[in-house]
Amino acid sequence: MHAASTHLAWLVLLPPLGAAAGITLLALNRPAVSARLSIGAILAAFGVSLVLFTQGVEGRTAWTWLSIDDGRGTFVAELGLRLDHLSCLMLLVVTGVGSVIHIYSLGYMRGDRSVGRYFAGLSLFSFSMLGIVLADNFLMLFICWELVGVSSYLLIGFWFERPAAADASKKAFLTNRLGDFGFLLGIILLWAAFGTLDFAELEQRIGAGTTPWLPSLVGLLIFCGAVGKSAQFPLHVWLPDAMEGPTPVSALIHAATMVAAGVYMLCRVFFVFAAPGSAAPDVIAWVGGGTALLAALIAVQQNDIKRILAYSTLSQLGYMVLAVGLAGMAAGAHPVPAMYHLTTHACFKALLFLGAGSVICALRHEQDIWRMGGLARRMPITFWTFLAATLALCGIPPFSGFFSKDAILALAWERQPVLLGLAVAVAFLTSFYMFRLVWVAFLGPAKSQAPDHARESPAVMTLPLLVLTVPSVVAGFWGIDSYLIEHFRPGEGLSAPGWLGQLTAPFHHAPVAAFSGLIAALLGIVFAWRLYSHRVQDPLPGLLDAAARPLRDKFYFDEFYGRLIAWTQDTLARGADAVDRWVIGGALVKGASGSIELCGRLLRLVQTGSLQTYAFLFVLGAVVAIVLMLGW
Amino acid sequence: MDSLTFIIFCPLIGAVLIALIPRSFEVLFRGITLGATGLSLAGALWIFSEFELGTARIQYEELVPWVYSLGINYHLGVDGLNVGLLLMGALVAFAATCVSSEIRERQKEFYLLLLLMTGGILGAFASLDLFFFYFFHELALVPTFIMIGVWGRGANRREAAFTITLYLSLGALIALVGLVALYLETGAHTFDVVAMTRHVAAHPVSESAQNIIFPLLMIGFGILVSLWPFHTWAPLGYGAAPTATAMLHAGVIKKFGLYGLLRIAVPLLPEGAQRWVGLLAVLCLGNLVYCGLVAMRQKNFGLLIANSSVAHMGFAFLGIASLSLIGVTGAVVVMIAHGLLAALTFGLGGYLHQRLGTLEMAQMGGLLRRLPFVGGVLIMAMLAGCGLPGFANFPGEILVLFGAFIRHPVIVSLAAWAGLIIGAVYALRAVRVMLHGELPQRRHDTPDAANAWRKLPYALLLAALVVFGCFPRLLTDRIVASAQQAIASVQGSSVAEIQHADDRLFGGSEPTKASIGQRGAFYAGQEGIAAGRSRRQSGCSIRLTGNAAHE
Amino acid sequence: MTVGLAHYLTVSVVLFCLGLLGVIARRNVVIVYMALELMLNATNLALVAFSRFNHNLEGQVMVFFIITVAAAEVAVGLALIVALYRKRQTAHVEDLASMRL
Amino acid sequence: MSDLTAIGLELAVMVTALAVLLLDLWTPPEQKRQLGYVAAIAVGVIFVASFAVLIPEPRMAFGGMYRLDELSLYFKRFFLLTALVVLLMSIEIADRIEAGFPEYCALHLFALTGMMLAASAYHFAMVFVALELIAVTFYILTSYQRRRLASLEAGVKYLVLSAVASAFLVYGIALVFGASGTLDFARLADRSNTGSHRMLELGLLLVFLGLTFKLASVPFQFWAPDVYQGAPTPTVAFLALGSKAAGVALLIRVFHEAAPAIGRGWHGLFAGVSAATMLYGVLCAIPQRNLKRLLGYSSIANGGLVFMGLSTFSAPGLSAVLYFLAAYLFTLGAAFFVLCLVAPTAEDADIPALTGLHRRSPLLAAALALSMVSLAGIPPLAGFFGKFLLIKAALENGPSWPAMYALASVALLTAVISISYYFGVIRAIYWPGETEREVVRDPEPIVLSGLTRAVLWFCIVGMLWLGIAPDKMLILAEHAVRALAL
């Protein structure tokens, strides 16, 4: 549309990078400066994103980062920015939620001695996340993919002196790397097969048809990246631990944006999975559904407020991945439900985390919900915003979550009824554990001394809560889905019925899905009310008996992986080390040098010092020479 | 004096100066060394920036006949392959001088040897004559030995010094035999690489000779680069070496073997290369995976980074083994990036050793609180080491992986595993154990790098890593044309092989075949141009058409 | 039976080997010297015989050189023995093995 | 008269020797040392004068017994320069030479004459006389410190074994004479080319075996460490350089000129001897802790290298040998000079005793270290280029005779192993001591005279020159080899 204004996209990307670099180089020890730089940068990015969004700018702009033409298909790595509906929407989400959280951090991190480092990390994250959003080719995507990974690493380990935080950051990074391994292989394979990494060109070439096994393999490998980043089973273990980071970080990175990057990426490169005959979508759908269920089950028995939210995030990410998989199962479909849910989820999950942060701050870093209670009166703003977000998460109309979740359920109904059942079960569990949290922490009686001194957080923290409440509640009426459909199917998504029409549309469109989801959610609330409204201790372990333990212990995944790593990688490493020490370094190298020295020591015994020995040996040598040379 | 001679002789003249100045003027030694390496660095920077892009021509050429009867010339020059290496070498040398303020005794000898090493390795990179190439490299051998013995650390430094010296001499001598055999086999009666290359283009070395000389060079140079299983000298030696020596050796001198493979072995022995790179690729896994695993088990930070530096060499080998333009370019980038990175990590290791008196990781913890600068740089170095974008290693490793995939898909997969996961495991473990966690009581007074002068070497190296990482075209634009020339002779025969590999990978479906067919046609065109040049290559194009007929 | 070249040579070889045996086996340095002289004289015998049978005087000239050199050798050798005897009161070969390995 | 001009250089040396002996009579004891300078200056002058000798084409003298050509001139210059260094070395230890220092110098000059004659010998009688002149003077020289038992023991061993070798040689000569009827090289070359004769071959083999003694190579290498340990250091240097080079010169003469056909047929023998010698020298040297003995083994190993060059029977091989000898001159010159100064007796030459040398005298330390590096064959020093040429020559011969590849790999292997003990010396010089004994030793500085410094610098510069700018010397060596008409 506006060719020149596509360059504006750089203005989204560069301020956070500048802020990160500037803080690192100049303002690491100046909290106020660093905060201003960082917040200014994200606000600037938000402003530009808003302009891009409202102007409807589309197109691409690129800067060649690396380019080698070896005759075998040029290897071009461009930092290419692509502006379209998908990226513009995501830009808004990232910069919008990001801005709010940046400002919130100002209050939350007040008084910490490393604020500069914090904001540097946050800005670096913003930059790389925006890079993922804008990327128009796989290599740039991968670069930013790695960079969000590392900023997540730095921020989880922000309080590096706490062993738990340090371990969690390491775990997060390594687990992500496992996914990235597959991702990178997928990218290389794509390049080797099609000679390009550009999304648009790849879409064309894949569309032209390939060998049958290639899309499945590539699709699965690419999906590995999403499994890592979006914490899907079996690489989901890092996300709950990542809650060791500061709460705003959890809100921004581990709830709203970065973990959603996996889903965004799947939508962005949907053409890879949409190739006919690919087996990838089934796997994706089942992995997503499985993760959703698994995480929801675990969340039921968690007691740490942030961990509950973390498992909830996992579960919702599972939903989105499920949606992508479902979309890919039939030809010509589009992953709009996944993106839709991503958008609304970003708002209400960020809100939930910020609310949790507010509680944690008020309780002086108490995170156990069984030591809270009665907070609704003491922290009204926090409570009401939290409740709104919870309702959105549970999918109660007319909150935003209802619409996006319903879109997924409808899709499941269309494609794979078994998965619909699974999704509905997750919806039930979701509202159950969320209202368990609400009742135990906010409504029920105080369970310790901690809540007695709780006071509402300052405005710098509550204002962001209020700001985020707006989209959490009403985003369902903004026509996000039709805006997105416009991306995948230009010209199809323009019809926008009125408010009421939008509210009832799900029930017309796929009544079974809509009603079952709604009923499940309500049932969950009722169950939670019955079980938890007045308890000071969790009754569930008593009720479920032995079944509750695996839930509480997260199905023993950490233990299992610990063993697995100990058995495989550590054994390998120990073996390699032993071989290095004893076989190569010892037997071969030392053996060679030792045996040579031994030869020397033996040989020089000939030097007896007696001249007659020498003469004799000489004569012997002479005789040998004569016999050898003349054959006598 | 011409610019390259200037770069090489600055350190050597500095060394002579130091030798002549009496011991009592202790202040001067460091100053002279800083000045000499600084001048070299300035010269290298100048050449790097003035370097004309897009051509494989030798620039800044200097040629002085040296030994007529053997055809040895004092022949210097830069092209894309070595211009970056030269800059990297000068930079590392300067940084190594900066960190050497830890040396308190026998400064005269120390700086003299340091300058000797520097001059030698810069000379080796700038030389275009086999003899001088080898000659300059060997200048570093004795200084390394003495430095480890006198200023080294650890109880086993004696064993380390002898092991490294013997191992490196073995490698160098095997390579020397290869080089002499090459000289004799080409029949060009010259050691001048440029003249030899020209001669070989017209009269290729017989295939049987290539098949013998290439492995000689591969093993010989491989030992110098710590190719698995000839790598054990490296951790041992670097663990015991003083900081500056380890920086120069692991960073710069080690790249000599790789450079030799690229400059000499591959272009002059294309058929030998074709035949042997398979083995090279397998061995490089030994570096990447095996040494990575070994690094995971290390409890001493010095040994950890030493093993990791060995492991990283695998990428460079893999790039060379790809025999593709992308892979070879990547290998050169990896060489430069790893040089900077190794120097940085060894420099930081030296700093920690100086401050803490030990590098046992169990005795550290939480140091980031006390050492925000050094710790921060160390974290970045470790992240750079596991291939994080933004640092120069990333573009190099990516290029290598992409470039090598068609020829060695399985090996690339394993290499990616090693680079992404094993590398991250030990790097992050080191950060976790040393910098994160609680600070032990007795470490409460550990000082950070106090002033700008102390920070300079680390900042310089890190900045170079970041600049090349963010703007890799600074390197690749210089490298590509020369890399193309280096593998031009191989590519003729490799077209058919790649075609074959392509079919193996994607064979079957029509469209893919069609696209490859197009590429094949492209090659055929290239082939046509080159066909007249030599019989060997036309033989290849026959193979190519045969392949097509088979399909 | 006429005495031919072969006979001379046989004697010469036998002498040479005897000398060699003496050098290797005898313990007294003086006797070792005598054995050495024996070897040289074996050579002289051979040379003279060859000269005779080749009708060429060159060999005989050579013999004179050898005799002279042998004399010089023995002179030096005996002086050495004297010095050694003064120092160690022994002239036995087996006592001359302080430097070894 | 023309015969006398042909041997002008030898005559000059001889006259100098006699003059020194005569002057000794009128020199007061405290000034006897000065006669050393006289001898050294004279040798220096003769060395310079030797460059004035121009030989457009080879000249024969004394009825064909003596041949003056570029090859012999190269060797003569080598011997003269060696003698110069050795004489200067002797002056350093003049006060340790108990019996007659001027005679000591004069004896060296006689030996020098013998070597110079050997380089020109073109007749077996000349070979024998020259060799015996060398040998007999060395009997005296090795045992010159007659108050030291070690010196006497070395003398006796050297005498007996050398005499055995001479006996073999001379018996070989007799057989050659018997088989060919001549002792003249030129005539022998004519006759031996006509066909192989078993007795001739046996004779030449015995000559060969006799000469292996001079080169301290298998099977006659055993004497070297013992004699090197016991003899006065300058004498050892002369043995290691001069006497060995004389053997090389004769091997070249006999097997490349007198009987080239047989010699060429025996390249297997040369190669075998070469490999065995290198391995023996290197392996035995590994555990060695005494520097003089170490140099003995090292000299054996280097003899093996020389044999490798000889076994190529090619011009590049021989010029490599000549170059190697020149490199060896500067290298060993420096090493033995330092030894003279730091280790008055053999017992002091223990390698651990060198600890702290770099503090006692940096120049001595540097000279010794550089010579070890050069011996180890590492650039930028002379030894490297020498080895490089030898290995190149061997590989060059590979295509026609693949065993040369094996020989080259043995050379390679031994070169690597040898680094371990050469660097052991460097370690002792520069590294801080490890054991108590080594640390405590008080670093009393060694004061060097100006002349000493000059000689050391001369050797260092020589090593560097031959290592860095080998062109000139290589041209000389190639020129010398061209006289052989290979």
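The letters A, B, C and D name the chains in turn, as written, and every chain counts its residues from 1.
Heads up, the rule we're going with is that a contact is a pair of C-beta atoms (placed from the backbone, for glycine too) under 8 Å apart; a residue touches a chain by one contact, two chains touch by 3 or more.
Keep in mind the model is a prediction, meaning the values are calculated, not measured.
Trainee: If you apply the touch rule, which chains end up adjacent to both subunit A and subunit C?
Mentor: The shared contacts of subunit A and subunit C, listed by label, come to D.
Trainee: Looking only at C-beta pairs in contact, point me to the busier pair out of A-D and A-B.
Mentor: Higher C-beta contact count between the two pairs: A-B.
Trainee: Any idea which chain sits dead centre by C-alpha averages?
Mentor: Nearest to the common C-alpha centre lies chain B.
Trainee: Using the average of all C-alpha atoms in each chain as its centre, how far is it in Å between subunit B and subunit C?
Mentor: Distance between chain centres: 65 Å.
Trainee: Hey, how far is the Cα centre of subunit A from the one of subunit D, in Å?
Mentor: Computed value for the inter-centroid distance: 77 Å.
Trainee: In whole angstrom, how far does the Cα centroid of subunit A sit from the Cα centroid of subunit B?
Mentor: Centre-to-centre distance between subunit A and subunit B: 36 Å.
Trainee: Find the geometric centre of each of subunit B and subunit D from their Cα atoms only, then give the gap between the two centres in Å, rounded to an integer.
Mentor: 43
Trainee: What positions in subunit C touch 2 or more of the other chains?
Mentor: 20, 23, 96, 98-100
Trainee: Enumerate the residues of subunit D that touch no fewer than two other chains.
Mentor: Residues 156-157, 160, 164, 225-226, 420.
Trainee: Of all the residues in subunit B, which ones touch at least 2 other chains?
Mentor: If we look for residues of subunit B contacting two or more partner chains, we find 166.
Trainee: Touching pairs of chains, which are they?
Mentor: Pairs of chains that touch one another: A-B, A-C, A-D, B-D, C-D.
Trainee: Show me the residue ranges of subunit A that touch subunit D in the complex, using the header's touch definition.
Mentor: For subunit A paired with subunit D, touching residues are 593, 596-597, 599-601, 603-604, 606-607, 609, 611, 613-615, 617-618, 620-622, 624-626, 628-630.
Trainee: Which residues, counting only subunit B, touch subunit D once they are in their complex?
Mentor: 23, 66-70, 109, 134-136, 138-139, 141-142, 145-146, 149-150, 158, 161-162, 165-166, 169-170, 173-174, 176-177, 180-181, 183-184
Trainee: Any idea which subunit A residues touch subunit B in the complex?
Mentor: Touch list, subunit A to subunit B: 28, 64-68, 70-73, 75, 77, 139, 142-144, 146-147, 150, 153, 157, 160-161, 163, 165-167, 169-170, 173-174, 177-178, 180-181, 184-185, 188-189, 191-195, 205, 208-212, 214, 569-570, 572-577, 579-580, 584-585, 588-589, 593.
Trainee: Where on subunit B is subunit A touching in the complex?
Mentor: The contact residues of subunit B facing subunit A are 163, 166, 229, 231-232, 236, 290-291, 293-294, 296-298, 324-326, 329, 366, 368-369, 372, 383, 386-390, 394-395, 398-399, 401-403, 405-406, 409, 412-413, 416-417, 420-421, 424-425, 428-429, 431-432, 435-439, 472-473, 476, 480, 484, 498, 505-512, 515, 519, 522-523, 526.
Trainee: For the complex, give me every residue of subunit A touching subunit C.
Mentor: Listed in rising order, the residues of subunit A that touch subunit C are 604-605, 607-612, 615-616, 619.
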